[in-house]
Each structure stands twice: as structure tokens, then as C-alpha cells.
Amino acid sequence: MDDLDVRVRLTVETAQAMRELGGRLAGLLRPGDLVLLSGELGAGKTTLTRGLGEALGVRGAVTSPTFVIARVHPPLGDGPALVHVDAYRLGGGLDEMEDLDLDVSLTESVVVVEWGDGKVEELAEDRLHIAIHRGTGTAADDVRQVVVTGVGARWRSAGLSGLSVACG
Amino acid sequence: MLLLALDTATPAVTVALHDGRDAVAHSTVVDARRHGELLLPAVDRVLTRAGAVVGDLTGIVVGVGPGPYTGLRVGLVTAASLGDALGVPVHGLCTLDGLAYAARDGGLTGPFTVATDARRKEVYWARYDDAGARVTEPAVDRPADIAAQVAGAPAVGAGAALYPEVFPDVRPPAHQDAAALAALAAGKLARGEEFPPALPLYLRRPDAQVPAGYKQVLPK
Amino acid sequence: MADEPLVLGIETSCDETGVGIVRGHTLLADAVASSVEEHARFGGVVPEVASRAHLEAMVPTIRRALKDAGVAASDLDGIAVTAGPGLAGALLVGVSAAKAYAYALGKPLYGVNHLASHICVDQLEHGALPEPTMALLVSGGHSSLLLTTDITSDVRPLGSTIDDAAGEAFDKVARVLGLGFPGGPAVDRYARDGDPKAIRFPRGLTGPRDPVYDFSFSGLKTAVARWVEERRREGADVPIADVAASFQEAVTDVLTRKAIRACKDHGVEHLMIGGGVAANSRLRAMAQRRCADAGIELRVPRPKLCTDNGAMVAALGAEMVARGRSASDWDLPADSSLPVTEPHVPGRTPATAPGHHH
């Protein structure tokens, strides 16, 4: 990571709080933004994206896109569409995502890619990396550590620090 | 004869009708996101303009790319389906050849390059000689990597216009026009020449990697 | 019966290129070209691979269906196609083909909903769909409880998965156990030799304060993976059959429990189960027993009609024709997230002369 990248660390206590974080994130996003989500299976990537989709005001409930790889949620109002991608199975990067036409939709959508690190960075110079870590590994533990890193000029004054509000 | 030409391998959704002498109607809309929605209405529009019905068609010619795959497939499956339903032949033509034909028709002389946008900082391209014949296989490359091969000759196409450092001398047309594709095809048909198959020129492979193991749950 | 609508249906929402032909409730042809073997080595469907395969298979599969049905394309009363939901690029191949055939043949085009088609297909198996019918749709991409009073116009979602689809959980658990893709049939096979009570895996969203009709399989999938990983970490053998049976028991227990609850709450006497997971033997057996106990009539189509196919699209298209629904326009889009509340995508103008828009 570059020295100029903006980084925010958060502790998220519950699934509901993860959803709310997605909602606050939506307030910062605009068409053309690329968000890369990483974290272990069950870390809460889809939960975060669900909150994001609700706050963006897009059609349809956000659920796991694993099976279909990508789902386009068109806007219900004037906002951007949400394109939700699970790139886990797409090891070879953008070539096998050609069919998704991400390059075309990115200009007018918010594109959220789970497991996209190392695969889709060339879509955009500026992007937001969100890493979700499970705390201790016991099944009952819902607490997550979230690290949000803004890469590129887009995020230097985008108000990422506001994400920590109400996160305790 | 009444030939329907269509090409969706570039941001242009372009359709034309050719009666063997002239293009009698054509329609071009540039919109990279809606090939699937725009194509059939455009076919309907050109037929209506020409006072013809779909059953009058005697053949179909389709641009086979290279071009971004999603749009490209719309044109190819539409052409194949129309051809099958009507029982008329479907001919393929390289999309770049249509642009080359239009450029020469517009007065371009001497050798030149045609380049369309392949996205992700690459172009689909081929070189043509001073008789307008293609002298390289269509390829996909980063412009900087082919600078030496395309230097010194003008270039045609919206893909070339994106990279002025490699293509300083860009000539029209910027976009594909099915009328040119139709005229090129009509000429080939009149001369009894062979057409390439109406199959997609993808040039890139979907080489998905086999995942090693599965998503871990426990932290490593 | 010859006056019932003769409709060809095209399905390309995922990895099967399906073309079916029906006359009313009668199945005449069900041609499928699958690219599942190409996807298997990637552990799931790869959209670009699927779309390429659809393009190659489209015309040959249509020809095969017409030949199998012994009908001429000119005899068709309409052409139906899955407009969504599904893989955007894959849907687009089928939608484009359907438009071209409909336009060239002068037939009306019906863009229909993939999920409503999964329900309507049962008309080919058990005759007219009772109204109302409760439908449990379970596949790799969907897990929903739907109440329909008219499959062409009124499909109400009561609940659906809030995270992973049931079939997706099967795929992921199969991957954890090293059983390959697709996971459903493999888990089903191993589970037959296992003890479904061996491990008590969690039943998602079954607490007293949880949404009554929604599903969650993400926690279950994670619990299975965790259990297996802990075993392996200890150097112990993983009892694959017991894990498969216990996982499958947890999924089918929740699915059937919620489906029957929905029937009872809404006073609905017919439950249909559709989608690829409806082929699961344990789900069928458990649903059969619990429906019998609850006095509910269960309808499950044969497995080949449960997985994605063109016949289901034709079945819904035929119902659209029979009930005089408006045809779709020539600019019908492929819609990867088409809501289930839209059983079909009607044209903007009423169909006075369906199919002859020009």
C-alpha cells in the first residue's frame, strides 16, 4: 500500500452493525466506484453488501452471488446500480469475467467484488479495499475487525473516517 | 437479392439492407451497454424503411468480431437464428474488414491499420495493404506493444483514437457501419468468393483456474 | 387438445441450453445441451464458458427440439424465453435467439420469469396448477417460498434466503468434503450411507424471533466447514457419509418445516417443490411424509423437469398464451435480477396483433 492511501480500522460487534456499516459506506459511494471485499467464509461480506444495497436504494435483496458470479441490482431511484460479484472461482482474473462486462457497467454503477483482490484491480485506478477479519475463531463470536483502505486520489478526501461513527 | 447485414462487435449496433447494388436502408446506434435491446428493433426499422418484410431476405451477413464478447454474441446468435428460421445462408465477415472497406470507400489510400477498442487498455487490430487487403490476422494487444508495427501509416477506428501516442494519424470512420459490411459482402457474393464461418473471433481465452481447495473458515 | 397453445421455450439462465416444446400441459420435447462438465473442473459455473456454450448450442438445440416434437416452426403459437433472473450474459444469448426466431416466424415473444417457470413446469407432470399453490423453489441460485394464485400474473414471495441458496450450500459442503461439482447429487449419494443424526448442525432462522419464512444457509455451511476442519486439524478421519447426511438433514428439515408452516398459515392445501435441489432424495422423502401428516397435497415434478430446462419456459409461455397475456416487445432486455413478482415482461402497448409489431 502507498503512503497516500487512506486507512480506517473498525470493530464491528454484530451482524446488524455490519449491515449498518454497509449503509454508511453507501453514503460515500458514487458511480464508478470499485469496492473489493476480502475475508474468510462467513466473515460477513454479503451482510455488509446487503446493508450497502439497502442504503443505495437498489432493486432486490442482496444475497450471495456465488452461484451466478455476478448480480446487477438496478437503482429504484436516481442513484447508481449495484453490481455484486463473487470472484472466488474466477482464478484467472478479468479474462474469464469478460462476459460480465464490468468495464462497461462500472461507469454508471457501484461495483462490489468479493474475493476480488489480485484479480480485478485493473478495472480502476482508484478503489476501496475492505478486509473483514474474524476475531478469535470461536463459532459464537460475531465480533469482526474491519480495515477499510482507500487506494488512489478518489479516497483521499472522501470522508472515510466518518465510517467509524457509531461503531464503538 | 436482399441481404441483411448486422454487426455488434463494437459499441455500434449497426444494421443495413443491401439489394445487390446499393445499401437501401441502414441504422447505427452507438451504445455499448444495450446491444441486446437495440438490435432487433433496428432490424425491424431497416426493413420497414425499405418497404420490405423479413421473409424477403435472401441472406444474412454478420460481423464476427473481434470485439467484446457479450455484444458480439448478440449479433452472432441473432444472425444464426434468423438464418435458421428463414432458411437462408448466414455469412461471416471480420468486423475490422468492414471498417477497412468503409475507410477506402471514404477515400483513404495506401497501407493503414484498423483498431477497435478491446477495453482494458488493449485494441483489436489488423493491418491492410494499399489495395485494402488485410495482411495480418486480427489480434488483441496493448497499443504500445505494436507501436513499431503500425508506425508510419494512418489508422482507422475508435480504438485507434484512444491512443494518439501510438496512432497519431486517425482517419474516419470511427464506428462500424453495416452498410459497408453489406457492400463488402455483396461484392464477395457477386464474385463467388468464400466467406469465413459465422463464428466468433474471441482472441482471448476464458482460462479459469481450477480452485485449489476451498474457502477456509478457520483463520490460517 | 389441438387447440391448446403450441409454444417453444428457450432457457439459458445458467449452464444448460434448454429448448422445450409443449402443447398446453403436454410435453412434446425437452432438448438440453449442458456445459456442466466444462464447469465442473472450475468448481462451479463460469459465466464466460456458459455464454460461449449457449451460442454454440442454440440453433442445434432448437432444431433438435422441433424434430423431437415432430412439429414445424411455422405451427408454433408463440416463443417464450427466460428473461431473468440468471447470468446476464447467458440470458442475453437466449433472449436474442428467441427474438430472432419470433420475428422471423411472425410469432409473439414472451419473456418470462425463470422462477415462475420452475413452478409452472409441474403442469406438465400433474396437470393444471391448483390455485392457490405454495411453491418451495430450491436451486443453486435460489431458495424461496412463493404463493401463487395465478402463475401468469400473481406470484408473491413470502420468504427467501438472506444469504446462500440451498443448492449453493450443497456445492460448498461438497467442496469442503472433496466430493466435486455439482455438489447436490454427490452429497445425496454419500448421505445414503450416513447417519443423519450423527452431528447436530444448526438450523438457520428457526428461533422464535427469526423471520418465519426466510432461510439462511451460510451459518450451516460455515458450521460444516468448521467441524470438518477441526477434525482434520486433530488428524482424525472425517466421516464423509455422516457429515453429508447430517448436513442434508439440516437443510431439508428447515426447508420442509417452513414450507408446511407457510401452507398452514395461508390455508393452502397444495405444495409444489421445484428447482434443482428438488431432485434431492431426502428432501422428497421428508416432504412426502410431513405433507401427508399435515394433510397437504405434495407435487414434485420428475427430476429432469426440476433442473433448468426449456420445457418449463414453454409451459409458462403456453399459459401466457392461454390466458391472453401481452407479448413482450422486441427490445426485451435480459434482466439478471428480474423480481419474481413479474412472471413475465409484457410489452408497453397492449398486444392487439401479437408478434406483428411491424
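Order of writing sets the labels: A, B and C. Residues in every chain begin at 1.
In the analysis below, a residue touches a chain if its C-beta (ideal position, glycine included) is under 8 Å from a C-beta of that chain, and two chains touch if they have at least 3 such contacts.
Quantities reported herein were computed from a predicted structural model and do not represent experimental measurements.
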item: Central chain (distance from its CA mean to the mean of all protein CA atoms); value: C
item: Most widely separated chain from chain A, with each centre as the mean of CA atoms; value: B
item: Chain centre separation in whole Å, for chain C relative to chain B (CA means); value: 36
item: Mean-CA-position distance for chain C and chain A (Å); value: 29
item: Per-residue overlap in chain C, given as positions that touch at least 2 other chains; value: 42-43, 46, 48-49, 51, 88-89, 172, 222, 225-226
item: Chain A: positions in contact with at least two other chains; value: 41-42, 89-90, 95-96, 98-99, 101
item: Multi-chain contact residues (two or more partners), chain B; value: 69-70, 206, 208-211, 215-218
item: Residue ranges of chain C touching chain B (in the complex, touch as defined); value: 41-43, 46, 48-49, 51-52, 54-55, 58-59, 62-63, 73, 88-89, 92-93, 95-97, 99-101, 103-106, 172, 175-176, 222, 225-226, 229-230, 233, 330-334, 357-358
item: Parts of chain B lying in touch with chain C, wherever the complex brings them together; value: 34, 36-41, 43-44, 47-48, 53-54, 69-70, 73-74, 76-82, 84-86, 200, 202, 206, 208-211, 214-218
item: Residues of chain A defined as touching chain C within the complex; value: 41-42, 46-47, 50, 59-61, 63-64, 66-74, 89-90, 95-101, 139
item: Contact set on chain B toward chain A in their complex; value: 32-33, 68-70, 119-121, 204-211, 215-219
item: Chain C residues touching chain A - in the complex, by the definition given at the top; value: 14, 42-51, 85-90, 140-141, 160-165, 167-168, 171-172, 218-219, 221-223, 225-226, 336-337, 339
